[in-house]
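Scrolling down, you'll hit the structures one after another.
After this come two complexes, each holding chain A, first together with chain B and then together with chain C.
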Partner chain A sequence: MTLDERFWGRVALKSVASLSLGFILLPLVFVSWLAFFKQEIPSFPPEGYSLQWFEAVTRQKNFVNGFKLSIQVGVMATAIGLLLGVPASLALVRYQFLAKGALNTLLLAPLVVPGVVLGTSLYVFQIETEIATGLPFLGSFWGLVAGHTLVVIPWIVRLVTANLEGTDRTIEEAAQNLGANPWVTFYRVTLPAIRPGIVAGALFGFVTSFGNLEMSLFLVGPGRTTLPIAILQYLEWKIDPTVAAASVIQIVLIGVAMLITDRYVKLSRVV
Partner chain B sequence: MAKAGTYDIEKGRGSTAASLLLPATIFVAIGLLVPIAILFRYSLNAFVPGKFMVDAFTIENYVKFFTDPFYLSVLWRTLRVAVFCTVACLILGFPLAYVLARTQTRFKNLLIIAVVLPLFVGNAVRAAGWMTALGNKGFFNAMLMKLGLIDQPLEIMYTENAVLIGIVAVNLPFMVLTLQSVIEGISRSVEEAAFSLGAGPATMTRRVLFPLAMPGILAGTILTFILAMNAYATPVLLGGPKFQMMGPLVYGQFAQQNNWPFGGAISFILMTATILLTMTANILVQRRYQTR
Partner chain C sequence: MARLQINGLVKKYGDATVVDGVKLDIPDGEFLVLLGPSGCGKTTTLRMVAGFITPTAGTIRIGERDVTNLPPWKRNCGLVFQNYALFPHMTVAENVAFGLEMRKVDPATRAKRVDEALRMVRLGGFGERYPRQMSGGQQQRVALARALAIQPDVLLLDEPLSNLDAKLRQEVRVEIRELQRALGLTTIMVTHDQEEALTMADRLVVMSEGHVRQIGTKRELYDHPADPFVAGFIGRSSFIAGRVTARGTFVTDNGVTIQIAEHFAEGPASLALRPERVALGDAAKGLDNIVEGKVEFVSYLGAVLDIHVRIGDHDRVIVSRPTHGAPEPVEGDAMTIGWAKSAGLVYSGT
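Let's turn to the complex of A and B:
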């Protein structure tokens, strides 16, 4: 082997890597570019640039309402997900018991069950629940929240358990030896230690919920759409700078959430 | 486990573990397993036009799917697209994952965010980006025409090629992140050892890196394959109404035809095909790397 060979190997490696990073980012670059076009038709080169479409978005009722609904559903699903997921993570890391692996797999499963399958099965489930209870479940706000909670839980469990595994258990024991009861120990010792995992899990959960499309398609009701569905339906009809501007708002929101998460936990460790 | 800790079963706190774990477990079990069971039961019901769903116990819906050339062609197309996209993701993803895993720069976190961000932005938004780039008056056609390479715009949008491009871009981050975490666990020194024993980069990659990264390659391949099989937004937006894949087909049966039994059956066929192929790949790869 010559050093030359290693040099060219490096060049080839870096060029394919840049190509694929470019490929991943390209669609975001184009949609952001389109949002600032002056003319309405997405033809290149643009005739000029303008900020008018960001104002146009605010007049699109579908986008505004979709954005509000997505935020509400995301916040509720994340809150419920935390209430269910954090205690479960504690049990998974701190205890030894039968079928632990199976339970862990079950709690992470909604992440790998495809959205279409998840959506269809929740759809028929909610129909059956409606028949059984007589309550309007399908297409309701809480029906949507329940589905989203299902996809939020795996992120919270994944990130909080990862965080818990890295914390030193002897500190908790020390607190107990010094007379703290389990609740105080949890509140004063464990909770501060796993705060990064909780913050990251909550943000990832929120972002997953906010961007969820396939499952939500089956669960939304008439006149009640989330932002990704509003964008999808608009795009089925046409593409113009208005929908691009709505997309940019979503990209910025999620980007900011990622940057905040990164301050708490290094993303390279958790995804 | 030695002395009593905060949460120790020796102290008879086994019930604490149960009460911590139970709410989430019940929620996921009821929200995931029960619905899938109900969906399966629905798929055995009959559909009478005009009368909606009729209780029955029949495999008619499955027979209908496998005897109709149209539905078979949709399944076949879905498989073809999924296999192509998975291979493309592996080829494009491995180098990027390797660079991300081995890089020493301060900007590593930004690079990771650049990979993760598109993943969370959602498929519809990314499809919008490709629509801008690939349309008749889009960026690529405008560029190629300006350079004089073509006179007529290329028809890329609403073809299988557009869908392939879209799905590869959608799934690439999943592949990259899975591979990156595995490559980070492989010690740099085994690579150096291969080099100092005279292997070139290509030999080192084939004989050392690939076998060691095999669990990650398998996990990433399976994940991207599942996602490609079940793609919805990308085929709908980039393939147009005439381009049918399994995901949109399921949605159509539920939302437009109101044929829940048949929709359920297609959903199950899709899930079964995905699981079977995933398991086959798993067994094949494991056998190959065990006998060595």
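Let's turn to the complex of A and C:
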């Protein structure tokens, strides 16, 4: 390749990259901008700027409660996802067993199955369970957590698996050689080594759960809505910048969480 | 510190036998080297001693203990890994302290022993660093200190020097050997580097294809290799195919008659010659065998020259001689070579 070709190659690559990045960021930019508009009906150019919509968010009971529920569900789903996902990743990377490929696909499947399909099937499943056992499953907090755990698991399995594959196994042998039994070895050596994967998996899993709309629609009960559903319901009869302000708060919270996480474990190393 | 006995050790993976009936008796304080090409079973043997691989058959005893069925964490073997396997999230001192912590040594004693171990490998004052902040040679020494700190019954070294550059390797060899001797540690080292093996070992074990080919001191292995494999693996040898036709007579496949020692049995055989046991030109005069040949290739190795001399139609004998002194032969020169019949090692079979 000549120098000239290489130059134009770089230009082409950079233009495509910038375009894609712009395409991804544009909605975020507009939403953030909108949140500060003064007028109630969004129109361009803005009549002025104000912070009133952020204050409006805190007055919306649905938003506040939805936010709390989303956090609770996200935290529980992530915790359960870790308890199931980390051992599953260990098994997938470390051991040979029958139907290993099938298990791997199964664990990553919720990422591929559309949320609506997932939601419908869980809905039917929970109704059937309720009929069979008489326990109040559908619309309960734990029913919602169960669904969210499903969408959290693929992230944890994927990131922890990647981290494990890049981890030198001989450090575990070294620990055992020095007198550590398998439990101590896991706690003292394996766990610290895969911490970046666990933290990143938990973070992305939580964010996915927090933002999940389609599946949650099927699983929430009366008086129990997550934030995305609260936003959707609000949008059904009103479009003022309150929604934009709520979104900005979400974006900022998630962004800050990522920045803080990145200080402790380099996300770029595992994602 | 203890005697290590390995008896009838076998490891099979399905139909493949990786280690086949290895028997070793290593007295207290001996430095034994397992030497062989890759895939010969030496590393598998070492890992069975460490407990990471369960033998298919056979027993391993450390001192009075039968450890064959003990898990690795109960064996008290210090293992130095080829890639050092230091814990990246722990400081050097924490790495070295790990084994002591597992042994529930109280913190004060632990600190003292970590300090001792680090000073032993000349890394006193490096305790607070992280492995990634150290050079390969230093990491290697941390790994050694970590293995020594637990006061192991046996020390196992898995190609410990293969990731170091040539100059450092020479230094570390001597260091390890001196430490081992000072501590009186029974040690097994695995290597495929024969020079390393020869400089470090009390006794050597040459392995190939899962079998022990020969066990002995360097001198025994070099002067009396048990079979052509050992003759080719320890030091160098030129091999000539032929047969022993009568007591003391070997005829090459090309019809060159060579005198050999009397005790070799008749039949097809190959003759092995060490390059330094063969004399050139005038120096060959008066030796038992004098053969005319032609120089085919000369390779300059610094202090010595390797001269490849063709005799007969097929066979080539490598002769080494000091570089300086006589004029250097060039390819195509006619050359007389000679050797005493005691220099020829004959292995029956083809």
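The rule we apply is simple: the second predicted complex is superposed on the first by the 241 of 271 C-alpha atoms of A that agree within 3 Å, B and C clash if a C-alpha of one lies under 4 Å from a C-alpha of the other, contacts with A are read in each partner's own complex, and residues count from 1 in each chain.
Rule of thumb we're sticking to: contacts are C-beta pairs under 8 Å (C-beta built on N, C-alpha and C of every residue); 3 or more make two chains touch, one makes a residue touch a chain.
What you see is a predicted model, and the numbers here were worked out from it, not measured in a lab.
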Which superposed partner A:Val184 touches (first chain B, second chain C, both, neither): second
Touch count on chain A, higher of chain B and chain C: B
Which superposed partner A:Val116 touches (first chain B, second chain C, both, neither): first
First (chain B), second (chain C), both or neither touched by A:Leu150: first
Touching partner for A:Asp262 - first (chain B), second (chain C), both, neither: first
Which of chain B and chain C A:Glu173 touches, first, second, both or neither: both
Partner chain(s) touched by A:Ala193 [first = chain B, second = chain C, both, neither]: second
First, second, both or neither for A:Val252, with chain B first and chain C second: neither
Chain B versus chain C as contact partner of A:Leu51, first or second or both or neither: neither
Residues on chain A lying within both footprints (that of chain B and that of chain C): 173, 175-176
Residues of chain B that touch chain A when the two form their complex: 1, 3-7, 9, 14, 16-21, 23-25, 27-29, 31-32, 34-36, 38-39, 42, 92-93, 95-96, 98-100, 108-109, 111-118, 120-133, 135, 137-139, 142-143, 168-169, 172-173, 176-177, 180, 195, 198-202, 223, 226-227, 229-230, 232-233, 236-237, 246-247, 250-251, 254-255, 260, 263-264, 267, 270-271, 274
Residues of chain A defined as touching chain B within the complex: 1, 5-6, 9-10, 13-14, 16-17, 19-21, 23-31, 33-34, 41-45, 83-85, 87-88, 90-92, 94-97, 103, 106-107, 109-110, 112-125, 128, 146-147, 149-150, 153, 157, 169, 172-173, 175-176, 182, 185-186, 190, 207-208, 210-214, 217-218, 228, 231-232, 235-236, 239, 243-244, 247, 250-251, 254-255, 258-259, 262, 266-268, 271
Chain C-touching residues of chain A, taken from the complex the two chains share: 168, 170-171, 173-181, 184, 188-189, 192-193
Interface residues, chain C side, partner chain A - complex: 50-52, 71-79, 81, 83, 85-89, 98-99, 102-103, 146-147, 150
